[in-house]
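A, B, C and D label the chains in the order they appear, each numbered from 1.
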Amino acid sequence: MNARANFLAILAAVAVLAVLPSSLSTYSVYVLCSWMVFSIAAMGLNLTLGFAGQVSLAQAAFMGIGAYTTALMTMAGIPWPLAMIAAAVECFLIGLVLGYPALRVQHHFLAFVTLAFNALVFLVLRNEEWLTGGTYGVVGIPRPSVLGFSTNQQTGFYYVVFGFFLVLSAVLYGILRSPWGRAFQALRENPIRANSLGVDIRRMTLLAFAIGSAYGGIAGGLLGQLVQFIDPNSFTLTISLKVLLMVIVGGAGYFFGPYLGALLVILMPEFLRFTEGYYLMLYALLVIVLMISCPKGLLGIVDRIKLSIKLRQNPSATAWEQGK
Amino acid sequence: MNRRYFLALTAGAAFAMVAAAPFAATAADPIKIANVIELSGAGATVGTNWRDGLTLAFEEINAAGGLLGQSVEVLNYDTQTDAPTSRAMVQKAIDDGAYVILGPIYSGTVKVNMLVAQQNGVPQLTGAEAPFITGMGNPYIFRTSFGAQQSMPKLAKYLSEKAGTKTVAVAWSNDDFGKGGRDSFVAEMEKHGIQVVADISSEVGQADFAADVVKLKGSGAEAIFVYLHEEESARLLKEIRKQDVKQAIFGETTLMNQKVIDLAGDAVNGVRGHVGLTADAPVPGIEDFVKKFEAKYKYKPDHNAIKAYTGAYAVKFVTNKIGKADRQAFADALHNLTITPAEEPGILMETSWDDKGEINRESFLVEVVDGKQKVIETLPKL
Amino acid sequence: MTEFIQLLISGLATGSIYALAAIGFTLLWQASQTINFAQGEFVMLPAFFVLAGMHFLGLGFGPAILLALVASLLILGLTFKRVIIDPLLPHGVLPVVIATIALGILMKESVKQFYSAEAQPFPALFSERTITVLGAVVSVQDIAVLLISLSAVGLLQFFLTGTKTGRCMQATAQNPAVAEILGVNVKRMILYTFLINAALALLASVLISPIYLAKFNNGETLGLIAFIAAIVGGFNQIRGAIAGGLLIGVIDNLAAAYVSAQYRSAIPLILLIIIILIRPQGLLGKAEGRTV
Amino acid sequence: MNPVLSVKGVSKHFGGLKAVDDVTFEVRRGEILGLIGPNGSGKSTLFNCILGQLPASGGKVEVDGRDVAGLRPCDLNLLGVGRTFQMLQVFPEMTVLENIILAGQEHKGTMFSRLFGKPDAGLTDEAKRMIEFFRLTHQTNEKAGSLSYGQQKLLDAAMAFMAGPKLVLLDEPAGGVNLTMLAHLKERLKAFNEERGATFVVIEHNMEFVMSLCTRIIVLANGRIIAEGEPEAVRNDPQVIEAYLGG
């Protein structure tokens, strides 16, 4: 097949990303960094929502938990790799707990529970001033130094984020290719049948939440280091909805959906800036139009094109596919 | 499958081109002033006021020949009232070659983006009022209005000396605006030996203030200090009147704002407090400004519009003074500088900056009478 | 005790407004499984139709409300259904969620851009005169809002159970396939639901704006609270939305007074989680048929 | 030798209604047992009680001599009980191969080896053989949802067999399948039974299908067993005829 072409395309993309910062302004590098950070958060949500079918509106809460954990730990002098691991593990465990409601309720009810969880996390971050600095947030979060190199310059930090981005992408790809990935997908498509085939749907549901949340936690940790400031407002429900938007717009359940979605959500305001005050209106309009014309996200369009080619070659393809 | 990657790759390439676009700037550009401000999100209202005040000022400045014979281009950047975005926007403003940055207003966002401006040596005139802004030794940050640590002592002095208050209840908005004001106020109360007997926070956007007022009423405090945003102030005052609360009510700038008076009507009457900048100040320059502003934008400006307007004129004055659009020289010149309306009418009131970028002007003690701010006393510069 | 009654009565008055917004959620959910994340903005917008009618067209308050009703029905009812919901419903809940979130942003930004970013005073329908009940101070306005909300729901309930069209709408809500077979014009019934939602949004807007003031971002807080109220009361029952709205209004006040002002908004959220886990259909709701 | 499945006095009451009333039977290794009865006779409820989808009101179900009360469907499957559902149950967005591998993977290795081991859990060859056995080779890399109804039925059955179960419970395998496909399905089931010694319990409406497939038949009516025996004997049992015609 064209596995080789795929591989080459990915390699080329990685190479472009690796050399890009040297020819970009500081601001553009910053934007690239936030694209990768939000891609990581969206990848996690894509696992929970897109592949395993569990609606979660709490990804920003996990970003917040991860961000505060890494910030407070590194500022207390704990080495940053330990702090990042702690953030990931913590979010994994809290994600397990948040997964429990998913065993009882599904779909919209699950969305409501996770939404409430996000709002509660915001309140705790804001009110527990002794720990989190409250409304004022935490300023002066140190950027990691890697092998003795400081990453205070934007480009240096870019490569830290880029490293996480690559490794976490590869890990997610590995998970999705493994039997776990198949079980997640089965969970989304038909949990009852999956259960009757020996898939422990309870365990897989919890894991889907936990892994997705751990990605959120790592993204949060990186975001804190990128901005060097965190406050509760950076982790509100609005941000969760933004991550959700990335996943859906890109194409939930497609491996590359979150990358594309995050790119679009972060860059669209950039493209529309020339319209001054109207840019958010146009942005909202574009999202509505995109949803109406392509409810399965941008990568859903690709599938549709493939199907129409197939239909032309073989008009007897079933109604089920056309109806998608 | 291949198509999917191709799409991602194309998007990546398109992105790279867009991101590289800022480099295309040419040398013959006008002087660029960056307005990094809250145009959406929670701060949209104050940010819009600020932007309109700033736009008005630079239109006037351009009409009068610009800066050093060059025209001024104001670039607007929306922080979305979000710290990460505000940092990105300040960075973009700097990449775009901004000479001076004005804004933003929300202290939390300023906390992070002022570091970026500092690293790049770009002067920043902020609308933020939280005390820490000028306490971090940043030589590029300048206020356009009082920090809370300056205005609260004036109010505290009035409370303890003129009003003879012994106990006070505080109602504040639980965000960085309200918290900053509340913290400064409570610290001042301690200094003056006034006891804070109730400390009540409320949410932004809160609809029902019955519980807050019940607690204020039951606190037994002689006076109530209110530090909320405009709409919440109006709602609280209405509820206070409804529940027939007898205690005297005090505020700082926002509470006596014309907007609050428009919204809450009679409920504001009798409220007293300290006002740093107000559209109702009995100062000829401000009266003229308000007229111009209302004619152009069809609404009454608040103090944020005045902050931006005077900030813009400070940029004009200093630039003309140093005779070049140089960031470092600008920052150096604005420290320990006093501008008078005689020298620069657009500054509206005599204004000084100290060596930390803190501002100093006259301010007012006002009382709302019959739906109008009435100045009880003009407080001299410190 | 007086304090408690004060909190209770104020909470009920505010809660009745939450309830009006919450009913819209339940109506749309029943009729078409739509979760409208722009519901808060639906309540925010009609006030600006009224204000625009008064200030740009020079209409009186009454005619402006009529104009706003027409505009609401057309935009929030018909257009919303035809343009956004109809094409998206076959694709499940999430695209609808995303599209309505975007719609909320669009409505908010449009008001900010084309009307004003400032909060606007709104003419009161009722006097703000106060009376004292059991030692608690209540304004005539509060009582009127409570009564109007309750009677609106009463009327709606009567319409749904007492008229042919209403029963057809209920049949549609319960089982569209069967209703279709019984000769009900299902599409029209769903349209009616959207129109009723739009009219209720107008009512809520006109009742709430004198107290809450008209502002472009009012929908953010209101939408979330209405949402919680609808779930707590019962997502598929109109009565449930009323009960949920009143309950949240009261709980919010009591929590602020007796638990913690800082965590006042946490109490409804915790209640929401507990209710979903123990009784997902809500306090007054009926269990939905499981797909299992 | 233990029976593969033994149902002892199982009852299921819904309020006052006795949907299943004290049913006892055994399934012997290698047989194809048919479970028939008119609509509402309690077949599906009994099935669900056996499989742990519904908690029984009384009685006991043993698989290979082991009490399976309280086991979740996935545990039961791991014990070697496969099943199909009345309604079609495939994973439409996954390919045929993926569907089959999924059906086998949980029986291989541990939770962690399934994460870190081979992506296909080493099942591709076996899965391909299973696909070939059910004559779906041409569709191996098609999405399951794009298969015809009959092909999906075959796939459904193939998934139930993939893990090499001791016992497979088939819920109306013939429902909605056209005649050609039906013959094919029957032939495959029989072949599987003969070649691998698999044991089946089949619930079915289609008499012709049951009679020609099963070696023994149990008839339910009103929640009770009214007849049991070889197809011919059951067909001529007056009580059965009464139940079907008189009901």
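Note that a contact is a pair of C-beta atoms (placed from the backbone, for glycine too) under 8 Å apart; a residue touches a chain by one contact, two chains touch by 3 or more.
Chains and their UniProt names: A, C = Branched-chain amino acid ABC transporter permease; B = Penicillin-binding protein activator; D = ABC transporter ATP-binding protein.
Just so it is clear, the structure is predicted and the values come from calculations on it, not from any experiment.
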Set of chains whose contacts include both chain D and chain A: none
Chain nearest the overall C-alpha centroid of the shown protein atoms: A
Centre-of-Cα separation between chain C and chain B, whole angstrom: 35
Cα-centroid distance, chain C relative to chain D, in whole angstrom: 49
Chain A and chain C: spacing of chain centres that average the CA atoms, whole Å: 32
Geometric centre distance via CA averages, chain D-chain B, whole Å: 72
Numbers and ranges of chain A residues touching at least 2 other chains: 126, 192, 277, 280
Of all residues in chain C, the ones touching two or more other chains: 109, 262, 265
Two or more partner chains touched - positions in chain D: none
Touching chain combinations (by label order): A-B, A-C, A-D, B-C
In the complex with chain D, residue positions of chain A that touch it: 175, 177-180, 182-183, 185-186, 189-190, 192-203, 253, 317-318, 320-321
Chain C - residues contacting chain B, complex: 3, 6-7, 10-11, 13-14, 17, 109, 112, 116-119, 121, 128, 130, 137, 139, 208, 211-213, 215-218, 220-222, 225, 249, 252-254, 256-257, 261-262, 264-265
Footprint of chain C on chain B - complex, ascending: 40, 42, 44-45, 47-49, 174, 200-208, 210-212, 214-215, 218, 230-231, 234-235, 238-239, 242-244, 259, 262-263, 265, 299
Residues of chain A defined as touching chain B within the complex: 1-2, 5-6, 9-10, 12-13, 16-17, 20, 23-28, 30-32, 34, 126, 134-137, 139, 223, 226-231, 233-234, 254, 256, 259-260, 263-264, 267, 269-271, 276-277, 279-280, 298-299, 302, 305-306
Chain D residues within the chain A interface of the complex: 51, 72-74, 77-78, 82-83, 85, 89-94, 98, 101-103, 105-108, 111, 114-117, 119-121, 143, 145-148, 159-160, 163
